[in-house]
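So, here come the structures, one by one.
Shared between the two complexes below is subunit A, which pairs with subunit B and subunit C, respectively.
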Partner chain A sequence: MATKTIRLEYLTRVEGEGSLVLDVREGNVENVRLSIFEPPRFFEAFLRGRAASEAPDLTARICGICPVAYQMSAVHAVEAAFGIEVGGQLRALRRLLYCAEWIESHALHIVMLHAPDFLGFPDAIAMAGAHGEAVRRGLALKKAGNALLKLLGGREVHPVNVRVGGFYRVPTQAELAALQPALAEARENAVAVARWVGGFSFPDVGRDYEFVALRHADEYPMNEGRIVSNRGLDIAAAEFEAAFEERQVAYSTALQSVLRARGHYLVGPLARFNLNHDRLGGELLAFAAELGLRPGCGNPFRSILARAVEVTYAIEEALRIIDAYVPPREPSVRAEARAGTGMACTEAPRGILYHRYGIEADGSIAEARIVPPTSQNQATIEDDVRLVATQGIHLPEEELREQCERAIRNHDPCISCATHFLRLEVRRR
Partner chain B sequence: MTAPRRVIGLGNPDRGDDAVGLHVARRLAARGLEGVEVREATGDALALLEDLASAAHLVLVDAAAPLAAPGRIHRLDPLSRPLPREIVPASTHAFGLAEVIELARALGQLPARLSVYAIEAAEFGAGAPLSAPVAAAVERVVERIAAELVGG
Partner chain C sequence: MAERKRPTLAVWKFTSCDGCQLSLLDCEDELLAVAGAVDIAYFAEASSTLRPGPYDVSLVEGSITTAADAERIRHVRASSKVVIAIGACATAGGIQALRNFADVGDYISAVYASPEYIRTLATSTPIAAHVKVDLELRGCPINKEELLEVVSALLAGRRPEIADESVCVACKRRGTACVMVAHGTPCLGPVTHAGCGAICPAYGRGCYGCYGPAEQANTAALSAQWRLLGADRRSIHRAFRTFNAAAEPFRRESDAHGDEDHPA
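Showing the complex of A and B:
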């Protein structure tokens, strides 16, 4: 038998619906196609004609896991078009809101979706019997993120409190202070979960990725920064479309994004860590090293360590922001619509998320462009699968499938977001 | 303090019959059953884990997948077996009720008494009210739950 097809019909423990097809000829992996069959969602089209002020709430509906990322990229893009800047405590509250989403999203992926891969369980439910404490801690972490999100966003799922210019309502000092004990406990849970994850064994895979992430003058990036890479990319968000190109592939309802100059690249926690480790502080960087994560790491399986470090960071950062909080006099700054184009890029839990809006003089949206992290990682995920499948080509089919699925889950793909994204099919010929 | 008896209605208030659990919870709350805590839950299903762990007798009310008979009431007993997928389907987007109950079972956090009332839905239109057959089932579910809690 010279040819073979392996099919993963429904990828599990990923958000949304997609599949993977591997074509193997004479023992060589010829084709890897990650296809996303979530139906197309036409967000960019139906945003046209709507008020730019609606963009944060409309685009938040793209994702139930990372709505804050959509709200943040949307408000910053619209504010760029309107020529307004949101600073001081309002800016700090936006960073705090982003911390909440990182905590919630990363905790879910680390414990409920990704950890079972390292411990040989089919899912978190099967894993919970033997690793109950870790699961409880992970869920407690997620809960702390939820509570923060609910306070700042108005509700846990699809928050509604962000507006162009700031917020509809800002929290009181007392409301934020009430969350401090839960966050202090969350920090202990994050450290315990990180140590648990640090004890996993990691497949020996090293890739020479081009990492792309935001870079800010003095912060670990969330809302703001230049788009940089380890190969010299250094651009403003407004230059995104000049540097990156979205391509259509026939087998997927998601577009694939590539760097015009060099092709495939990686966004997300591993890229952020590698490009911004010096913004984490010495203590956390030492903790990362203790877990087995060092700057320059190209092992996608170790991305779970980067998430664990980032959860810890997000909790500490949230506590710092709460400590320094003084309620602003107004919940938002005045935002007057004007014609123009605004672009913004922020760091969603899964990597950079780009928005551009062309806005008419009456404040309505003429054109919208949204490039989510999963479509940027799609081609790189295929490369990872190709490498893992090539190394594991002689494995029994069931193990090969497992390895391929793991290679995908390393990147916490958010399929619904990417749809405009999983089944594994391996065809051996 | 003894662990509480608790009813939680689940659903999305803005998606037609998906709101049926919330309607049932509101009617039960209005009855003011002594020693029974009634709540509505519209958010993250994983948050139910704590409610499962901390109750002595928990009743969950949710809309079921549309099957043959809209408004038909299924009383499910997750302590004896996992929730049937054809009634409480899984999602590729989030952890659902069935997963959360299984997670609680694995963690040894199920309450001593647990029942799930699943009401077969007809439609989930955005902004739609309950469909007639599902609206008609609300009072019957309320009666059955009240009888279960008071009787037990």
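Showing the complex of A and C:
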């Protein structure tokens, strides 16, 4: 049997740095190692001794793609520790801010990072020649999300307006109303992009994942909900660490999270869709089916459809929130520090994001724990790669490498988040 | 007519959050035009085509925190005509430079169960500490308008017009009422480099210094004002110790207000 080594120096079109190593012996895939070499940044360490009120601004810097997710999990966790409730229009504004991030982050992944895989282009710019309209619509979609983010947050990356208790400033009705035409146009763009994506050809792969996502009494989940799975998990955020365990592996600076009871699981748009499709409304669910996405879908390549459906949902939800908006009297509720521990889980674009803070009486952080979506998906991504590589083991190496990269990109991994991503090395023995 | 060869652009990531290079993809209206004017030769976050150098312009995001990256930045410099450091990580070491004030061993064991697997330097340092940098763009994150101005200026062969005043001046120009004077809210605007657009005061909060120290920042005088507004030493210490903690004027001022564990 020939011994061969294939190297993919750096995984592209993902956020962050890492590599993939495949050990192939006698034509069988023995080991798959998703190695994240993104240097560690030690957030959980330097958060100790900081003011709990600083957590949203400090943890936002974990990820430039989904800072709102970090800010949301941070404020909810700190508020849980302080024993304060943020309701009414302030709660609605937080959901609106999350809609904005889902729109810009999903639009980025669908059009700029993921679609080129299906159409055989190295990037969206090269793809723009043959698919100019779709790329322009995608960019317009992203821009609409960013415009909303900028109004609510002050800027697109690392917004400045989120605080424990609410916001520093709330928008006027007129400011939000001014965005309605752009969002109405964005809805048309989202539907057109979704139909374009629905026309792609999807590899016939199906896996029996354990999907994990938040589940809320009556909303598609963003800021709140119980943590549920299709295998009976149903817990509060405060029980996260009892149900999940973070493991360190020698080849990665990102910790891997597993379910203590059953091991690997999947978070993100496909999990959210499968566990919450009944919260999308009949019309959108019918649209999803029309695109080729049906409840129970275990084909990771179809996650791009779940993102397209979620973008459409987020725009519609944003329009609903804006319609019902009445500016609250105060931009925040009073947050008085007290000693305690607070946990929260929110739905980042890539899946559930857990934060826990132990806080001292003077409001400073004694201990912090953060579990990002990509750490949770890491082991499952390795399983996906193993499956794709096993099926494609006899493919020419260039094609095999492509298939492996695609299997990874399906999950929109954010390596900066996981710490914390890709060079592919196939060692054939 | 012979087409003029487009300059090649490379985008590099070191230790960072990806937010500054994302600013380039956030130029939704200009992205296709930029891609028409420059030849994007290396941009791993956006393209699978990674072409070897030399490059005309390299945008560098992130700080240096590993021995391997200290080596890699030298290769980037050697293969680039112009090196532009973008963002607080690349220009000041970023938030991860908080390790410079701590024992990195303690940090590793706080996050990782098996510290022996982790390879990292004791400090996070800016790009200019390792190689010659031609231009620095401040901010956590950078302002995409400033990035577009730099790229346009380079293409036109002129000096970029980048903010060099303080947030305080930019805030006055924006016409925002002073949050320190009007509301008694502690603000780092007087000592912070402009470029952000003075967003925070316009949103009713004090500037938190994410663009780093302004030229000739009188941090001691500002701290005295903060004391008058009721800020304690610890909060002043924390205010200077964030995304530009290792930038000299901010480092000095935070040191002057004690260590987290041993308040002065």
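To be clear about the criterion, the second predicted complex is superposed on the first by the 423 of 429 C-alpha atoms of A that agree within 3 Å, B and C clash if a C-alpha of one lies under 4 Å from a C-alpha of the other, contacts with A are read in each partner's own complex, and residues count from 1 in each chain.
Here, a residue touches a chain if its C-beta (ideal position, glycine included) is under 8 Å from a C-beta of that chain, and two chains touch if they have at least 3 such contacts.
As the structure is a computational prediction, the values presented were derived from the model and not from experiment.
Partners subunit B and subunit C, once the complexes are superposed on subunit A, run into each other and clash.
Looking at the shared chain after the overlay, A:Asp57 reaches subunit C, while subunit B stays out of its contact range.
In the superposition on chain A, A:Glu44 makes contact with subunit C only, while subunit B stays out of contact range. Annotation for subunit A, partner touching more residues between subunit B and subunit C: C.
By the document's definition of touching, neither partner reaches A:Ala339: not subunit B, not subunit C. By the touch criterion stated above, A:Gly129 is placed in contact with subunit B alone, subunit C being left untouched. Residue contacts after overlaying the shared chain place A:Met112 against subunit B and subunit C alike.
When the two structures are aligned on the shared chain, A:Glu156 is found in touch with subunit B and with subunit C. In the superposition on chain A, contact of A:Asn146 is made with both subunit B and subunit C. In the three-chain superposition model, subunit A touches both subunit B and subunit C at residues 10, 14-17, 64, 108, 112, 124-126, 128, 135-136, 139, 142-143, 146, 155-157, 416. By the touch criterion given at the top, residues 9-17, 38-46, 48-51, 54, 57-58, 61-65, 67, 108, 112-113, 116, 122-126, 128, 135-136, 139-140, 142-143, 146, 154-158, 160-161, 163, 168-169, 248-251, 253, 255, 331, 405, 414, 416 of subunit A touch subunit C in their complex.
Put simply, subunit B touches subunit A in their complex at residues 42-44, 46-47, 49-50, 92-95, 99, 102-103, 106-108.
Subunit C contributes residues 13-23, 25-26, 28-29, 31-32, 35, 40, 43-50, 65-66, 69, 94-96, 98-99, 102, 104, 106-108, 110-114, 117-118, 120, 140-141, 144, 196-197, 199-200, 202-205, 208, 210, 235, 238, 242-243, 260-261 to its touches with subunit A in the complex.
For subunit A in complex with subunit B, the touching residues are 10, 14-17, 64, 108, 112, 124-126, 128-129, 132, 135-136, 139, 142-143, 146, 155-157, 415-416.
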